[in-house]
Amino acid sequence: MEGGKELGNWPLNYSFQVLWGDIDALNHVNHTVFLKWIETARMNYFSDCGIMELLETDQKGPILASLKIDYLKPVLFPDSVNIRTTITRIGNSSFDMGYRVSSTSNGDVIVAEATVVGVMVNYQTGRPTEIPKSIRERIIEIEGYSTQ
Amino acid sequence: MEGGKELGNWPLNYSFQVLWGDIDALNHVNHTVFLKWIETARMNYFSDCGIMELLETDQKGPILASLKIDYLKPVLFPDSVNIRTTITRIGNSSFDMGYRVSSTSNGDVIVAEATVVGVMVNYQTGRPTEIPKSIRERIIEIEGYSTQ
Amino acid sequence: MEGGKELGNWPLNYSFQVLWGDIDALNHVNHTVFLKWIETARMNYFSDCGIMELLETDQKGPILASLKIDYLKPVLFPDSVNIRTTITRIGNSSFDMGYRVSSTSNGDVIVAEATVVGVMVNYQTGRPTEIPKSIRERIIEIEGYSTQ
Amino acid sequence: MEGGKELGNWPLNYSFQVLWGDIDALNHVNHTVFLKWIETARMNYFSDCGIMELLETDQKGPILASLKIDYLKPVLFPDSVNIRTTITRIGNSSFDMGYRVSSTSNGDVIVAEATVVGVMVNYQTGRPTEIPKSIRERIIEIEGYSTQ
């Protein structure tokens, strides 16, 4: 992984209800649903730091390059989950995000942990492009660090 | 539609967050997601009135025979929805349920209305079977009517 | 239902594999998955008759106003399904579509039947608008009728 | 990763149609859909090697411990995909699987690559348990190696 500023203060938390249809034939939440929750947490973070606006103004935006997830415990219905999220590193054009999924009915115990690598891409060329300074500063601020 | 006791007091309400991935290529919540919310509301109602326990004790349970839904307004992300639900009729082996989907960001305005016909089925024979008296009475009570 | 030209020759058929994750806790394909197959059949029909191009050229397009579906038999995994589709009526701005879902493993027996009301809408005003003559003629042709 | 027999001949291939509803607001197939295709390929492999029968006879079965996926290119609608799959390692109680997702409309070019760690678990104790010899031999056979 390329270098970049180390962060990772887990500033954001989102809660979602488990839907009955999230349960699969093995009687627990299907493994892909965890990634839908995580995706929503990611989009909320993107919204908070202004990334989504770049799409309209600059035809730039983040793409999901890779993800890794460890499933620790099953989630059942009914339940709700907390998705805690953080950006752990900002590189030149890429960044790493972390996610912790916890189950409310289970005393908020962590049931899955995931990491994602995102890349800022110019949608016209399809090529990686630098993460704008304003976004970088906003992320550092959200993570609770000083940008000085 | 066969006869049966008329009910319909809309006693239950459940709230769900819109997930980012619920949005489709037309930039609003995909029409099938409304039915996932409604399904969860239905299962919660079933849980409340004791139907789900029949599955284990009597090998009986409700099946979804048909549904009808009118889509009135699109739902966007981010938003949350309320799903209000009621049983409007209990027949011998079938029952009718109603659902109203409303959007929080939109002043709780109704965005979709649905009705469902459920049938109580014996899972061993696959045939319709009478709705047990205890379930019937519990539903009448949830709907706020006297069972006397 | 408003009047309009009666059609309904079931000209199109699409096949889809059941995915393992389509199965829910009741061990059959979740009821919302039928509507995803049907939606894809609808979009394919729209593509065939040129409706999707109106979106780009005229800012017009069809919206789903309502749907009704009867579930006749469960679908299991593994299996594949056929989705047969037809437009049964073209009105001034609305149209009716029919769908038959059948299960391959089950001798192509019909497992669900659905009808949908679509409305042609001007996306700028949000109001119903006339179905263009070229689309109307293309639909009549697909359904195997003469446009003379 | 613990040791074990090295395999990995990519013996199996499954094809799926992209559904219209698989497309998200970014106009390509949502990243979670890749994992639904992969899951189905995994279940088909499990079926082929007899793992699924252990569930009924021995109350043992595989669980998904972790997954990693790299997204290389977007998939659009309409399209179909091939999911090639292999078991690359069988350990005592765990095993590694590989997946290659390719797009038919794109000359079968690889659009995503994934690896999964599965663990054989005793569902009564929730603890890892040895992969039975019969399963091990069947997997080696499917992968095209001699079990002598």
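In order of appearance the chains are A, B, C and D, and numbering begins at 1 in each one.
Definition applied: a residue touches a chain if its C-beta (ideal position, glycine included) is under 8 Å from a C-beta of that chain, and two chains touch if they have at least 3 such contacts.
Computed from a predicted model, the values in this text were never measured in an experiment.
Enquirer: So which of A-B, B-D or A-C is the twin of C-D, meaning more than half of its contact pairs are the same residue numbers?
Expert: A-B
Enquirer: Taking the mean of the CA coordinates per chain, how far is subunit B from subunit D in Å?
Expert: The mean C-alpha positions of subunit B and subunit D differ by 36 Å.
Enquirer: Nearest whole angstrom, what separates the Cα centre of subunit B from the Cα centre of subunit C?
Expert: From the centre of subunit B to the centre of subunit C is 25 Å.
Enquirer: Indicate the whole-number Å distance between the mean C-alpha point of subunit A and the mean C-alpha point of subunit B.
Expert: Averaging C-alpha atoms per chain gives centres 33 Å apart.
Enquirer: Can you list every residue of subunit C that touches 2 or more other chains, as numbers and ranges?
Expert: Only 20-21, 32, 36, 39, 77 qualify.
Enquirer: Sort the chain contact graph into one of these: line, ring, star, complete or other.
Expert: Graph shape, chains as nodes and touching pairs as edges: complete.
Enquirer: Mind listing the subunit B positions that touch subunit D in their complex?
Expert: Listed in rising order, the residues of subunit B that touch subunit D are 20-21, 23-25, 27, 30, 32, 77.
Enquirer: Quick check on the complex: what are the subunit D residues that touch subunit A?
Expert: Residue list for subunit D touching subunit A: 31-32, 35-36, 39, 63-71.
Enquirer: Mind listing the subunit C positions that touch subunit D in their complex?
Expert: Per the stated touch rule, the residues are 14-17, 19-21, 36-37, 39-40, 42-44, 47, 77-78.
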